[in-house]
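Everything below concerns the one structure shown next.
Should a chain be cited, it is by its letter among A, B, C and D, assigned in written order, with residues numbered from 1 in that chain.
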Amino acid sequence: MNFDLTDEHQMLQDSLRRFLKYSCNSKTRNEALSSETGVTSDLWHAMAEMGVIGAFFTEEQGGFGGTGADIALVFEELGRANVVSPFLDSALLSGRVLAAAGELDRVADLIGGDLQLALAHGEPTSRYDLNYVRTASVNGILNGRKAVVVNALASDILIVSARTSGKVYDEAGISLYFVEKDAAGLNIQDYALIAGGHAAEVTLDNVQGSLIGEEGKGFALLKEAYAIATVAQCAETLGEMTAATELTQEYLVTRQQFGRPIATFQALAHRMSDMLIEMEQARSAVIRAAGYFESDERTRDINIHAAKNLMGRAGRLIAEESIQMHGGIAMTQEYELAHIAKRITMADHRFGDTDYHLEKFMALTQS
Amino acid sequence: MNFDLTDEHQMLQDSLRRFLKYSCNSKTRNEALSSETGVTSDLWHAMAEMGVIGAFFTEEQGGFGGTGADIALVFEELGRANVVSPFLDSALLSGRVLAAAGELDRVADLIGGDLQLALAHGEPTSRYDLNYVRTASVNGILNGRKAVVVNALASDILIVSARTSGKVYDEAGISLYFVEKDAAGLNIQDYALIAGGHAAEVTLDNVQGSLIGEEGKGFALLKEAYAIATVAQCAETLGEMTAATELTQEYLVTRQQFGRPIATFQALAHRMSDMLIEMEQARSAVIRAAGYFESDERTRDINIHAAKNLMGRAGRLIAEESIQMHGGIAMTQEYELAHIAKRITMADHRFGDTDYHLEKFMALTQS
Amino acid sequence: MDLNYSKDDLAFRDEVRAFLAEKLTKELSEKVRLGGDLTKNDMEGWHAILNAQGWLAPNWPKEHGGAEWNAVQRHIFDDECASSHAPRVVPFGLSMLAPVLQKFGNQLQKDHWLPRILSGEDWWCQGYSEPGAGSDLASLKTKAVREGDDYIVNGQKTWTTFGQHANMIFCLVRTDSKVKQQAGISFLLIDMNTPGIEVRPIILLDGSAEVNEVWFTDVKVPVKNLVGKENDGWTYAKYLLTHERTNIAGVGFSTAGLAAVKRIAKAEMSGGKPLIQNPLFAARVAQVEIDLMAMNTTNLRIVSQAAAGGAPGVEASMLKVKGTIIRQEINDLARRAVGPYAMPFVSEAVEGSNEPLPDPHDAGPVAAQYFNNRKISIFGGSNEIQRGIIAKVKMGG
Amino acid sequence: MDLNYSKDDLAFRDEVRAFLAEKLTKELSEKVRLGGDLTKNDMEGWHAILNAQGWLAPNWPKEHGGAEWNAVQRHIFDDECASSHAPRVVPFGLSMLAPVLQKFGNQLQKDHWLPRILSGEDWWCQGYSEPGAGSDLASLKTKAVREGDDYIVNGQKTWTTFGQHANMIFCLVRTDSKVKQQAGISFLLIDMNTPGIEVRPIILLDGSAEVNEVWFTDVKVPVKNLVGKENDGWTYAKYLLTHERTNIAGVGFSTAGLAAVKRIAKAEMSGGKPLIQNPLFAARVAQVEIDLMAMNTTNLRIVSQAAAGGAPGVEASMLKVKGTIIRQEINDLARRAVGPYAMPFVSEAVEGSNEPLPDPHDAGPVAAQYFNNRKISIFGGSNEIQRGIIAKVKMGG
């Protein structure tokens, strides 16, 4: 048992943290936020060059990492610096689907920073159910609607799930397709997201797709990719929670009310202590989710569900308490915390929320 | 709409409060706690003479009250004075079953203070399910086991539920019987309760019972009696929570640590504020449960379930925070608060706990 | 004790319902229901409709044109308005300034300003908070120096809601800096069109632009616009703060919000069933519904005492804390209920557009509302300040 | 980073398991599992078994007969003991006094007292708290006045766990009342059989009689029983307090407690199904299990840092607060799980009897345990004190 970072991880963390501190600030973020697609291509390419995207894939897949620990490390740093960039959806989630399906040329492009992807899987009434697919494929002709597809507009090509057999909640019979951005019958209604970045409603009206991997076997690829994406999301949120807590600590020490720093008001001091305790718990949950990612599936899933549930609860505490203890200033868009709090809260809406993962955890541990 | 007490209620409250303040103290309570059956017959008779038991029944039943408001008022005072006496089980719960079944002679004895009763309904695996009856009756010969029958040993006669038809969770087919204390085949294994009073495991081995009311129709009587008993339990707990909160307030103001009253420590002050807020909520919940008792059954039940759930949550807060803010002294049996906290907590185990009532509430409001 | 409405109350409720059915347009109520930002016209229109009905000022005495409703009637009205999704009446003139003028203003001030509040001729905003002051209201720094028949005002106010619409502002200003904090404060009425006043919007974290900074540079205010006595403003400010607390529990908003959560959760599917049948979600909904039922009664108990003569002091603080906790919990449930559709950023205010929302359950605004309503436990005396008040009253110190 | 046990760790775990399987009697472990009160013999017997194995003093240096385990080994041992329901080793001599003697005692004291702790010849108890002092430990009043080669001690200690069994007590006493609170305190070792000492039991709210008041009236204590220097006792006391905090997170107890909750909830029926299938109850269990899994890792992270040289300061406070919250939550779940059977009062200690418990799921003690364990967030530095420490370290002030 050993909780120290390896030398390689320590180096990666140091260089990432230094780079992000230098290159990410509210100015670059606001540029990303107000850009047409939510993607800052300079940052994307610079990070790709640093090998950040390569860290998401194993050597066999053309990368030089790919473990839970590699990925958690990168995303925690992205979260800590409050980076708005679609690494999670475009590179990790979509990329791991392609890597598992053996599409290694595309993965190489991705690692090089030359490809933007989007995974169009969720549907208007699927909520967080991964097995819900109503979009239908008949001989590669797709019909249906995909909901809140992150990074759709900026993507070079879409990955779309569709049902080739079975009923709407069946795991078997889900297939994956490439869909060209200029395909006839494809409509992308783009919108900005509260926490930054863009997503879209994607409608498919007799759209030609090209099969990825084996027909009807897409669910396993999706499940695996969503699992690692959930770990990444937890790690990113941990970074954001760290940033929020540090800002709040600093504010309590600096801000004067009634003639003294508000950190000296015991009610606030005790609540800050509770936040710090939950931060340690959150860090442990992420360490477990990342560290057990290579274990057997049950151990892996138990720890991922546990982590996402705990992050949902601790994240809410940290976001809400940070705002409350700051007071009015935290309500303003220009103050860093507002942005961080939105990212922490919106993380609960990705890859299953607090209750969704609690139920999955219950199913695995109480049977 | 009017939240004031009627003149009659005001008088009853004043006289009860005065009487209990005078006659109930830790000495009388410790006598009750250490007595063989948990009943103090002096107090019982004095209260009966004051008309307390009569307040549980309508005029047609031989009493002079019987509304939710009458009953809540009495039990809040009993709770406020931390009285340990089986008014709830012996007089109200059992009495209301008999009154509804038309056994008015027995009710008259009860009102006069000359009868002790016990309702033997719950069974070892029934938990809080009112429709669970496995104890069987064949031609009035009873076989089965009844669990945690409060006041069994002190009772003059037992009321026992048994199944005359149907399956174990059926509402139809539950019948009620008188069973004499000296009946052959009846075994009463008595024990003390944590919150005071006594209960027993009651086993029936070919015991002769005598039918109360109509055969197979006992469930409706039980449901009605449990409903009013739940209101009474909520009111009693409200009284106990008031006592705990007042003790804690007083302690915070008096107790010195680090050279000043601990009430001036902001973390404790804010937590006390939250307790006081929940006390107002608890009072409102009891007012509603009592005030809507005479409404249609759905309105009545919604408000009872709501109240018992809220009292469970608020009660836990008040009991645990009162102990924590007192510190060590609250852990000692001789300090009043320890006894009060036990009564508040154990109330959650009577007539359905916090979650049980939440589920019932959900069933009524979300269908 | 009687928890039911009297016949008169029920008749009054019917009257309110009929009024709302007739006068509140579907367009306006839908905008309110979906959390859209109301235009100045929307708000002024509803103000005028209420005024024409004589229902604009429930708390005012009849002599000034008020309705003089009792607590139960006010509760019924608030409840019906919230469940019909009527716009909230802008409170600054009606519920904040007016009670101060009625109690402390001189006859000229009463005669001049009160009718203009009812008619809508003046739109008032509030100049209390200052940057850096936060909960410590009395530490304010905006200065007013007497010069002849004028005060010259310099300084900055913040969190001024609807400052962009207002033509008048009531301000706390420091007229004596040598005395201790609460002393030396005065209460001034200032025309927003006076030279030297600048209003700058503050964009809140949900993208809304309701609140503002107001800057004063050598602003001339006639001495006749001083309310009461110079340096006695803190007394009037405290009086205003207690009167600010009407409908402080926000029961009506919570009731409407909870109904929306249930509506969404009946439509939203989870694991093949409506979300409302998911026991964990349903339990969250049920718990807050139970809290809200109790809050409704707590509120009625407190306001009916107030109507009977007792002033709502510490009780108002209790209503504020618990009321905001419940409202925020409902906001949280709403954002959970819509699932991934909580993520889109939809703000007509910022984008100036009115595109159809991207999902089937009108989900768009719920996350924005969640973020926006973090403010209700901060502004108007934070919940920490309220807890301090409760503890102080109940335990001294 | 590697979350798995090493081969050596796994071998060590097997060794511990084999030891427990051989040496821990079924009778004793059942008594522990059911929360029964252990006799003095029970505790002394287990102490002797561990001593014979050389595993009694994990933290002691080898020169004094300790095991010198690393953090992971200690964790494994605690974990295995808890899940096998081994008795808890009485910590007062072993984990509290011994580190103080090892660091601050003179050679004579070390040579005399340390072996007697291991052998069990001395049973130590703690004389820290006083009535009225509570969390404000330094305000103690028990006085020791030097007379020749003796101190004469007068005063009262309280919350002295197992004072009824002990033959020795280590005490904080005031030797100088003219200086400020922390100064003027000394650390004395006192024979409980000295004339003038009286032990009175305090019955706790669950009926247990573990803690005591200890009264001192003109008690003569030889000066050689002073540890370190006169008036420097506060330094030793603080050192002891950090060492008191071994296994402070109580992960092993929580793990065993949670297993018991699940066992009960599988047997208990609700609405015709096992309680564990009730979604509301199951969700409560799952949440605390998730917290406990994280706590387990938090604990390992912190103790492995401590092993690597860092002293557990503020981290110990964090473990204490969260560890007690989790344990108390599990106690609460246990009392909920058993339903109406939480109500019977079962205490062998008070009743002196050993009747079979009245229910089918060994439910008897769970409510008593719930009440008894309210103490864990109060004693040993209340959670409020711990939160204060965390805030002070992290934000100064």
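Assume a contact is a pair of C-beta atoms (placed from the backbone, for glycine too) under 8 Å apart; a residue touches a chain by one contact, two chains touch by 3 or more.
What you see is a predicted model; the values in this text were computed from it and never measured.
Ranked by distance of CA centroids from subunit B, the top chain is A.
Computed centre separation for the pair subunit C/subunit D is 53 angstrom, with centres defined by C-alpha atoms. Between the CA-based centres of subunit A and subunit C the separation comes to 37 Å, rounded to the whole angstrom.
The distance from the centre of subunit B to the centre of subunit C, with each centre set as the mean of the Cα atoms, comes to 43 Å. Multi-chain contact residues of subunit A (touching two or more other chains) are listed as 265-267, 269-270, 358.
For subunit D, residues touching at least two other chains, in rising order: 279-280, 283, 384, 387. If each chain is drawn as a node and touching chains are joined, the picture has every node linked to every other. Those residues of subunit D lying in contact with subunit B across their complex are 129, 134-136, 139, 158-159, 202-205, 207, 268-272, 275, 278, 280-281, 328, 332, 335-336, 339-346, 358-360, 367-368, 370-371, 374-375, 377-379, 382-384, 387.
Within the complex, the subunit A residues that touch subunit D are 1-6, 9, 69, 249, 252-253, 261, 263-264, 266, 269-270, 272-274, 276-277, 280-285, 287-288, 290-292, 303, 306, 309-310, 313, 358, 361-362, 365-366.
By the touch rule above, subunit A contacts subunit B in their complex via residues 265-267, 269-270.
By the touch rule above, subunit D contacts subunit A in their complex via residues 1-6, 9, 72, 262, 276-277, 279, 282-283, 285-287, 289-291, 293-298, 300-301, 304-305, 315, 317-318, 321-322, 384, 386-388, 390-392, 394-397.
Of all residues in subunit A, only 122, 124-125, 127-129, 147-148, 169, 189, 191-195, 199, 201, 255, 257-258, 265, 267-268, 316, 320, 323-324, 327-328, 330-334, 338-339, 341-342, 345-346, 348-350, 353-356, 358-359 touch subunit C in the complex they form.
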